[in-house]
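Order of writing sets the labels: A, B, C and D. Residues in every chain begin at 1.
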């Protein structure tokens, strides 16, 4: 028996077990009455209806994170694939029990409208394809979960939101951190002013991106601000619950590193919020992993480090002379976000991170880029 | 697109994508040739043959850990259940896609011999039932994975090993930590003498067990030494690679706590190994969780804290003036151990932790108990 | 101006400062009234009477720790030296402003009785000389602070206590950890049951001792139990506030390491206390530094790691899902213990760690050694 | 005997010790020859000449940090005080053995030129008085150590440097962190590119300043940028070894907090260096203590947290999957910086942090303030 079964329900075995070759049964008088048995040992409830998902784009994220995450979902199941590689798609379909007739490519993508099993599309395509395939998804009558950054421009974001409205379908942006316990707890600490008023937020998101990689291409809307800096921006926004009023930005694009022929290596920026909170942030495609934020408040601080990774997030706090690390249950981020949208669809509710959330970040990014170009502080429209 | 896809293979999408409503395609000249594409993005290999498992005992460990772990297995799948609760078994079977005809109870357990889908039995019953159901499993022609502690007595362990031999089937004890990266790395550090010769091993395994719980019952072979202390003993053995020659033990059984009417609350013990390494350990059912070991060597130390939990293990080292924490990939312990036995079955090899491993621990435990009774240091036979 | 002066009292400067060449004075109306000025900026109180100390033995501890610590003392000053090396003593006297006439050697040591400036003797000699020079100190009419371990045998300890009583002088043992905030806080946590009842105490004190070193000599009462293991024993005693009733011990003395020709390399032992708390401990002269304890309680644990070093102690706690590190002010251990005894002398009070405290540890060590020899659990008399 | 004396030299005692009442002496043959004795146990070298210091300004920093630090100095001793409070000065003089005739006030300060014991003046006055009293010190023929920020304006800094040149005396700014091991090691890691090229530096210095406090006054040149932000600026400069080419700044000055009637509460800023490294920093007088930097490099990062405190600095690194904490010896920052200048005076060398160092920081601060005012990125002249 395992050492971690701090419960009595194993005794249930004994009631029906045979006399035993080697061991005597425990007298029935020692057994707790059935109503005293902890309920959490029951078999999970019979499964309710699961929403059918089409995965659009079978890259690394889809194969290594999203597809396996369905095993952790209560409300979501994969029913279709959209890929430019039929062989790859066939293998994936086989592994995950998807009907091979539900494999689509980018030409016949719009025919998903004829497949009623598909209720929602998960758009995991490169950034510059987010708008097109989201809009076509909505036009096919499907709900859409679109990866971040939402699109390449503010204009695209607005078109996507319009498409969802016109189709009367839900559009959610894949801000997975809003659906996992560490960032949720940080938001709660901020809202409850657990360490007093927030004064400054310090955040970085740094990765080492090796060429070739479409994230290094301008045409595919790559670059560190959209791909990793968006985490810092989004965090400052969800931690304050405010929209920034003004930003400054500065960047570095080395001339001697071919990786950064089209996009900057690093961007540093500041955000000023109406309440007076200021964020100062750095993002880069040229450094070793560093992905964190510290929320500096009147009476203490709390930080996530790492804050933005798929797993292994850590929550640290400091108040007076005590530094603490708080362990929370780890949740699969992708399962959590997919089930959130599935539940919204089943219950006809708005998702926590709709298209407007992606649009707001895009406006901040556009302002930072303008500040980089003009050398001036830029108001966020 | 996600921020963590440091690869170029997303560009594969572009080749087949339509002209695009809003974004231009990347010129084909920018694309890497297919043979440069990182192979790890390929779909996992078509699945090979999976070994069929029968789960015996549907308690908390089975429901919360073992059944979900099959989703992480490459070589193992659940094909049968053995339970005294037909309704519960039926629900579990439904959830995990097990044929309802493959549900057994403790009376008809032996008829599993007629079910060729079942190749191996996972015995997750209370400790005092380990021997009987392992032996009956072997007699039914099945391989067996049996939870630790292996049994209630040295005699039972020997009978189980004999049963496996007679049946020409494999018997493995569920020492899951031998199959996960943190303890494996610790063993490697010990073998390579990365911090010099081991001098002392300090280990604790403390939990707070609330009544009612069969682990507090003498008749079901409960008590802290067998259920949690076995981890410390096993760790000292796998870290040194030696068998202890002599032990001392002392225990506390409070008179005023009804939980400990039948079993001691805590046991403290020492182990002396041929090389001169000494272990000093404590285990308890009455304290808050503390599950660790520190291996104190000539030139530094390394420790796991926690060392014995299902998740969240941490590896720390100290050498000269530097303390380090080494992050390793987390693996599902149960999937890893089940796949290990499945692979041994498929390849006809001996498991890493056979019945003899459980017997060795049992002999140490018997010696500690004798030392507690007699007040003398006891040689391990 | 420094960044850490969070106070207003600098403004005091301005009141009397000249008109200024470059900067205008702050108007007087901006100044806080004098009674609002924080009192902690006042000059420390005029010093009271300081007790005169003679340092006996000018080894590493005396030169590197004790002599410099006088600069941190409020109640203690060095007035005499006792050494077998007149030249060294002369240099030390010069550095610390000690009258060269107050330098003694081991022959004329007893003449300190004629020096009224000397009120207390700090005995920092090798262990086997603790008894003789403490007793001679008392016979010379002086109070004595004696380093730990108190002496080589229980008999010697008793003779020392008798000598103090006969001379009506105070005898204190140098348990410096009782006078610094980290161990004091740990004791408070234990007494207040902050994490519930103590169940188990795990402690190690491991060092790497290189030959030649008198601590490796049997004749000078060396060996790991007395020199480092005493910390674990003392900690278990001050954390529980109890005397152990029974101990077990086992040791390793390698045959192939010339360092351990006379003394064991390592000793592992257990202590059982009347309340049921058990300690399990390891000490060694052959391993890299590891000096800690964890107090495992019903609802959590607290630990010091390091616990026994001169500086850099750390206090960690665990309760439910939170691990915390609590930063306390660092205090010079030697200044604190010397001032404690000086205060006891000035106020005619008993020290917190009198000779009886050293005797109690010595009895436990004697019992552990007997257990090692006999292979039996030994009651502590 | 203490447990931490890993040496053999205590045996020296034995050579001259008496026959012993209770213990036999170790045979002389066991003793190491004198030339084998570790030299570090010798008495410290006879003291050389110490440079005489006058402390100007007896505020909290002087009383709590600087005066006690002289006990840790090898080359520096206090010989005079300059204060507007004669009673306070008299008490301090008494405590530290300073001739009461060497107490000066702000009117007769210039007469220090007639006191040959005074070689160097430590200017610990409020920021707006730094220039005047430094210049008057030089005019009196003295070397000067001036606290940071060097002065209120770039113009003042230049006048101070000129005054030192004219007087042919040394001017050093009190950048204490350049003289202690943690920041020195960080600089070495940066120079050696231990984790590859630096990409981004993230730094904060946040404190909670309570009114009344001259640091909240505009006239005394208070405000967070000069008092705490200067640490971040200086760190970015000493870590890169470069001067920034362009800065941006933004600030918050709350209208509803009377503390910030004259100075901003917080300032966030970015620094761009010629190599492409960018710093992004935040400083505040309104938040709980957070004082750190992380240097994000191509292959890993290293950070000090805290980085800027007087004690308790910690050095952490991350590379691949390993996070390490490196413990270095703690040094008294003030003793180290004072002895540095004393040594420079004795050896007629230039200090590591001359007036030009303070001027460089002042130029950066002026540029940040201009950026705040103009909303434009500002080139550092």
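The definition used in the following text is that a residue touches a chain if its C-beta (ideal position, glycine included) is under 8 Å from a C-beta of that chain, and two chains touch if they have at least 3 such contacts.
Worth saying up front: this structure is predicted, and the values here are computed from it rather than measured.
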Among C-D, A-B or A-D, which pair gives essentially the same interface as B-C, with more than half of the residue-number contact pairs in common? A-D
Tally the contacting C-beta pairs at the A-D interface and at the B-D interface, and name the larger one. A-D
Taking the mean of the CA coordinates per chain, how far is chain A from chain B in Å? 31
I'd like the Å distance between the centres of chain B and chain D, where a centre is the mean of that chain's Cα atoms. 54
Just how far, in Å, is the C-alpha centre of chain D from the one of chain A? 44
Can you pull out the residues of chain B that are in contact with at least two other chains? 208, 327
Touching chain C in the complex, chain D uses residues 1-18, 20-24, 26, 30-32, 36, 41-44, 46-47, 57, 59-61, 63, 65, 71, 83-85, 88, 91-92, 94-95, 105-107, 109, 124-132, 135-136, 147, 152, 156, 159, 174, 205, 207-215, 217, 219-221, 227-228, 230-231, 308-312, 327, 330
In their shared complex, chain C is touched by residues of chain A numbered 321-328
Per the touch rule above, chain B residues touching chain C in the complex are 195-196, 199-200, 202, 204, 206, 208, 246, 248-252, 254, 265-266, 268-270, 272, 276-282, 284, 286-290, 294, 296-301, 318-319, 371, 375-377
